[in-house]
Amino acid sequence: MALVPLVEYGDAPPAVRAVYDDIKATRNVDWINNFWKALAHDPATLARVWAESKQVMAQGALDARTKEMIYIAVSVTNDCEYCIHSHTAAARTKGMTPQMFHELMAVVALANANNRLANGYRVDVDERFRSPLAP
Amino acid sequence: MALVPLVEYGDAPPAVRAVYDDIKATRNVDWINNFWKALAHDPATLARVWAESKQVMAQGALDARTKEMIYIAVSVTNDCEYCIHSHTAAARTKGMTPQMFHELMAVVALANANNRLANGYRVDVDERFRSPLAP
Amino acid sequence: MALVPLVEYGDAPPAVRAVYDDIKATRNVDWINNFWKALAHDPATLARVWAESKQVMAQGALDARTKEMIYIAVSVTNDCEYCIHSHTAAARTKGMTPQMFHELMAVVALANANNRLANGYRVDVDERFRSPLAP
Amino acid sequence: MALVPLVEYGDAPPAVRAVYDDIKATRNVDWINNFWKALAHDPATLARVWAESKQVMAQGALDARTKEMIYIAVSVTNDCEYCIHSHTAAARTKGMTPQMFHELMAVVALANANNRLANGYRVDVDERFRSPLAP
Amino acid sequence: MALVPLVEYGDAPPAVRAVYDDIKATRNVDWINNFWKALAHDPATLARVWAESKQVMAQGALDARTKEMIYIAVSVTNDCEYCIHSHTAAARTKGMTPQMFHELMAVVALANANNRLANGYRVDVDERFRSPLAP
Amino acid sequence: MALVPLVEYGDAPPAVRAVYDDIKATRNVDWINNFWKALAHDPATLARVWAESKQVMAQGALDARTKEMIYIAVSVTNDCEYCIHSHTAAARTKGMTPQMFHELMAVVALANANNRLANGYRVDVDERFRSPLAP
């Protein structure tokens, strides 16, 4: 029960079509999924969110499949039904096997449980764990 | 400001020492971090949580470093300070570089943003995304 | 798939009818939405939640439309489908335009992303930001 | 207890200085707050997050003060200490009075409570609330 | 690092003193905890939140200790440090033993884990579980 | 719209059947609910989650009905539709009355509201509330 009707390619203004075309080209697909068709009511948001997603989800120091699984972990924790479905599909096309998905779910469940134990007991951070990224 | 004092090895009953010893052996370290010392007030929980963590975080279809990064993604989304520090340290020992961490944060931020856009606009799941794990 | 059947006006005890009447009078409408019909199984909760909602959402230092948009921001962050629909409808009757809604969603998405970046990097609060409401 | 040291202007590479300069110019301030100094370890993220924040938080159909209050509502719901402090300070410079802040908190508390009541009772969305943004 | 200074009894206006007096009388204590002293900047919110808390947390079909433990379960899930400390202290005065607290934490952790598994796998609700509260 | 098909008893491998049999025997029921049939795709997770659930939810210092209500409080706060339905049904079989459920919801709503007030005002923990579980 979407709050807005979807903006189809044929009805879209040029700025929206340009984004749709780039989505298709970048992903090598011939269709646009509903997320973008809903955002298209606000072309500035559509362009910004797509540019950001394209940059952040691209292969980098982390491979694209790992990024999809991190995205799923967040989406499950936040319970975003749309994102769970769309990014599980994306991860599948990038080689995530069912066994990888099961292990992903097991880690997500474990982290959610242990987050609460650490916060509930108000455990102080060990001195040795401080500043792990400091040069 | 922990709710409970920490249970040190010297003061621990045998059931707790057995878990502490297994933590040290499994991780090849010579100390126990505060999380386990807080849980040790309830030996049944300590044993269960450690057994589960050991099994879930082990190398499998997903490598141990990827699992640590998924764990961090959840901990950042839930804002568990203890878990962010301890698992960032763990991921570092398993080879996560600062650049990998930055990309991890960027994906976590993007997913949290887009989860809200998808939920806020109440976007319906595309038919093509259904049941992506079905055989 | 509600957990309880809805309590319709004709079947409601006097204490519930009194709240229903006040909702209609306050909002100048001739119907009662499902939220109140579900709460009506517990007349004490119904009366308390309505009294609180009436007081908090009324025009004050903040106008009623701004309050509705703040309510939507929280509901999107928590993913409350019912509240997103009902308060978007309420905000619309108070003059929220589609463009305002799009900007509201963009701020909600940005804040959710940046909340995670600030928490993930464990950024310390700047000295200059402390106690901004102190007299 | 930040995970990374802060990148000061004097130590920053040109790409980071350019963002710092734009932050100062846009906000008409002579200092950089810690959030940006932490992100600066990843210049691509710094530039992207700043560009997005600048665009989204600017005056539009919603005024800048209302946007700051929406941002605070999300940050309180997610419990981001840094963001609560920094955006309450920002909202104060844009004219938010203490009374406005109190009303903002009251709406945030009410929405968080009622979100749980609606979800807990699994209340079905009223037919009349559907598609409130449809043209 | 509170956003507001605390309102002490000696500096409080009569409307605030009346609430402080009722808190002391209801709880049979001779001091006021910080939560109320912060809310006191907005006397209307102070009075409303206290009235609601007094009513909801009182002995009813559920005993007061069970209510405190439910309150803790929510506060741990949301990571409210203040509320975890204050309501654990309250539950202690109402007879919660350390063992009860450990079991409470174990259930909270389990529920947080299983919530994510159910949402992550998108498990459909069994027909037999529908409308469990229907008369 | 589950991500995986359900594993029925007749199609299940022996390791899964053993868990199904133990669920039936422990709960004295003759059917398996969907949660377990979805997890059964990963027999290791199925066995681990069931063993943990069985241990944690059993009668202890807290009675089983109280544990179910704590579980519901978490599930409502996280908005897990499946868990709300299944554990409300379970609590009903253990004697939770509709009035108890209404009071449970009222406490959950109150805690969610007050958690945000305490975090929003950044209220410092009172010295007297520290370490309430210390011996």
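In order of appearance the chains are A, B, C, D, E and F, and numbering begins at 1 in each one.
Definition applied: contacts are C-beta pairs under 8 Å (C-beta built on N, C-alpha and C of every residue); 3 or more make two chains touch, one makes a residue touch a chain.
If you're wondering where the values come from, they're calculated on a predicted model, not measured in any experiment.
Engineer: Spelling it out: a chain qualifies if it touches chain B and also touches chain F; which chains qualify?
Structural biologist: Correct list: A, C, D, E.
Engineer: Tell me, please, which chain's centre (mean of its C-alpha atoms) is farthest from the centre of chain B?
Structural biologist: The most distant chain relative to chain B turns out to be C.
Engineer: Hey, which chain ends up farthest from chain E, C-alpha centres compared?
Structural biologist: A
Engineer: Between chain A and chain E, two touching copies, which fits better, same or different residues at the interface, with half of the numbers shared as the threshold?
Structural biologist: Shared-number fraction above one half, so same.
Engineer: Suppose each chain is reduced to the average of its Cα coordinates; what separation in Å results between chain A and chain C?
Structural biologist: Comparing mean C-alpha positions, chain C is 27 Å from chain A.
Engineer: Counting only Cα atoms for the centres, state how far chain C is from chain D in Å.
Structural biologist: That gives a centre separation of 20 Å.
Engineer: Could you check chain C for residues that touch two or more other chains and list them?
Structural biologist: If we look for residues of chain C contacting two or more partner chains, we find 1-4, 41, 45, 48-49, 52, 56, 77-81, 84-85, 88, 98-99, 101-103, 105-106, 108-110, 112-115, 117, 119-122, 125, 130, 132-133.
Engineer: Is the chain-to-chain touch network here best called a line, a ring, a star, complete, or other?
Structural biologist: Basically all the chains touch each other, so complete.
Engineer: Can you name the residues of chain C that touch chain B in the complex?
Structural biologist: 72, 76-77, 79, 81, 84-85, 105, 108-110, 112-117, 119-122
Engineer: Flag every residue of chain F that touches chain C in the complex, lowest number first.
Structural biologist: Checking each residue of chain F against chain C gives 79, 81, 84-85, 88, 98-99, 101-103, 105-106, 109.
Engineer: Which residues of chain A touch chain C in the complex?
Structural biologist: 1, 3-4, 41-42, 45, 48-49, 78-80
Engineer: Could you please specify the touching residues of chain F with respect to chain E in the complex?
Structural biologist: 1-4, 31, 33-35, 38-39, 45, 49, 52-53, 56-57, 60-62, 66-67, 69-71, 73-75, 77-78, 80-83, 85-86, 88-89, 92, 97-104, 106-108, 110-115, 117-126, 128-130, 132-133
Engineer: Can you name the residues of chain C that touch chain E in the complex?
Structural biologist: My answer: residues 1-5, 41, 44, 48, 52, 55-56, 125, 130-135.
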